[in-house]
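Just passing along the structure, written as structure tokens.
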Amino acid sequence: MALAMSVAQSNAFLDREFPQIAGQVRVETSDEERLIARLIVGEAHLRPGGTISGPAMFALADVAIYLAILARIGEVALAVTTNASVDFMRKPEAGRDLIAECRLLKLGRVLAVGEVMIRSEGVEGIVARCSMTYSIPPKAP
Amino acid sequence: MALAMSVAQSNAFLDREFPQIAGQVRVETSDEERLIARLIVGEAHLRPGGTISGPAMFALADVAIYLAILARIGEVALAVTTNASVDFMRKPEAGRDLIAECRLLKLGRVLAVGEVMIRSEGVEGIVARCSMTYSIPPKAP
Amino acid sequence: MALAMSVAQSNAFLDREFPQIAGQVRVETSDEERLIARLIVGEAHLRPGGTISGPAMFALADVAIYLAILARIGEVALAVTTNASVDFMRKPEAGRDLIAECRLLKLGRVLAVGEVMIRSEGVEGIVARCSMTYSIPPKAP
Amino acid sequence: MALAMSVAQSNAFLDREFPQIAGQVRVETSDEERLIARLIVGEAHLRPGGTISGPAMFALADVAIYLAILARIGEVALAVTTNASVDFMRKPEAGRDLIAECRLLKLGRVLAVGEVMIRSEGVEGIVARCSMTYSIPPKAP
């Protein structure tokens, strides 16, 4: 199955539709198996003690799954998250970007489910696991 | 049980420890039953179509639960979220702040669990429900 | 809004459609606000140490939310759970039934979300919290 | 790292400690990477329409993660589930056993997190994904 959006198209979509985070998140890989996105960690993502905030990781997972869905079905601007669960498992390493690897577990007509594993770049243990369900709006007739 | 932090102390804590979001989130009520926090919705929270982003709601829930825990046990800067689940149920109303109402369901020695219901101010239906588990570090001896 | 199924109808539905659990779960209250169901705790629900198993609590929550949805929309035999999250917070008291109190947080055309708080009968603290999303099939034309 | 429990030991543990489900769940593989367990599907697991019930899948995931933890740390009878999230994604195939493949994402001193992918035997798509957190009691001194 050919992808509907390339890496370059995904990043252009981020620039255009999500200007608030476009400078912070970049898609690096997108193929039939997975989408990999990077969070370029900066001051805005940090919490006391130098750790990366939970909401910053949630935002990274959210955008990675959204883009993985769009890469399959094309730009459906109104797909919305209906459910998310996150396990925060390890403290991210200070001074390293986060790498999110997303797989779609289901891509149905109405619901899609994606899962993301987040790691600190170059470090083995999983920092956070997140799965989200997206509701896909019906196509206009 | 007397609270360890008042509303004013909770907001002062936000100003000091979470400067990135202190101007956006304010605690309005904190008593033995619940903590209520407001997200002052601005451009940074919006998504295409004028809706409020999921990560903005996640961040609001996260800080509300964290502050509800601290209001009981005092400033334990290193309590960390280990798990979160969110149900996004309704589109928030455009142009209205979000009001998060948090209750602690469990406050154990090691783990605390809080739940947040998020509504658009002045609107009845629940926009999002979120529960989170926090791991509380052992007290220094 | 009048309910589509009374307590007696809900229990008759359980007897007919869920014979495996009908003798273990009984609906006690069903009104516009909430549905309350009881798990009659028996040997089959216990784990080593005399505690009630997580799966038994999951099954109780599942049926309570399902019946709360049917009480509103009538018998839609094919509604299916798409997502569930559970927080297990306290050990249930030995020798006491479990009481599940369910509220519907959303009842949409396509998705419904319910939440259940489970307590040991006569005991205050919440044993488990569970939310589930059900997908509702389209009506036959 | 050598495992503390072999496949045979895991099944013997099931027979001894979980007699209610021992005849229904069998461990088939257990190594450093993963534990695979089978649900021998029978009448007790079915729902109207011939599908396998959500609680039956939850129970399978629960025992697979529990045994994967014990395979690493030895018999710690009092480890308890504190949190679970499940995505139910496809209807299981009628007349086929379920195969649960569990990986531990974290094995800490206090908390362990495992994830399970459930498939119908011989069928490719994932039926359900489940992650659970277990709280590990401190060792007696």
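In this document, chain identifiers A, B, C and D correspond to the written order of the chains, with residue numbering beginning at 1 in each.
The criterion applied here is as follows: a residue touches a chain if its C-beta (ideal position, glycine included) is under 8 Å from a C-beta of that chain, and two chains touch if they have at least 3 such contacts.
Not measured: the values here are computed from a predicted model.
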item: Chain separated most widely from subunit D, comparing mean CA positions; value: B
item: A-B compared against A-D, more contacting pairs; value: A-B
item: Chain centre separation in whole Å, for subunit D relative to subunit B (CA means); value: 33
item: Centroid distance [mean C-alpha coordinates] between subunit B and subunit A, Å; value: 23
item: Whole-Å gap separating subunit A and subunit D, where each centre is the average of the chain's CA atoms; value: 28
item: Multi-partner residues of subunit A (at least 2 other chains); value: 82-83, 85, 87, 89, 133
item: Subunit C - residues contacting subunit B, complex; value: 85, 87, 89-90, 105-106, 113, 115, 125-126, 129, 131, 133
item: Subunit D contact footprint on subunit B (complex, rising order); value: 82-83, 85, 110-111, 133, 135
item: Of all residues in subunit C, those that touch subunit D in their complex; value: 17-18, 20, 43-44, 47-49, 51, 53-55, 58-59, 62, 77-78, 80-89, 91
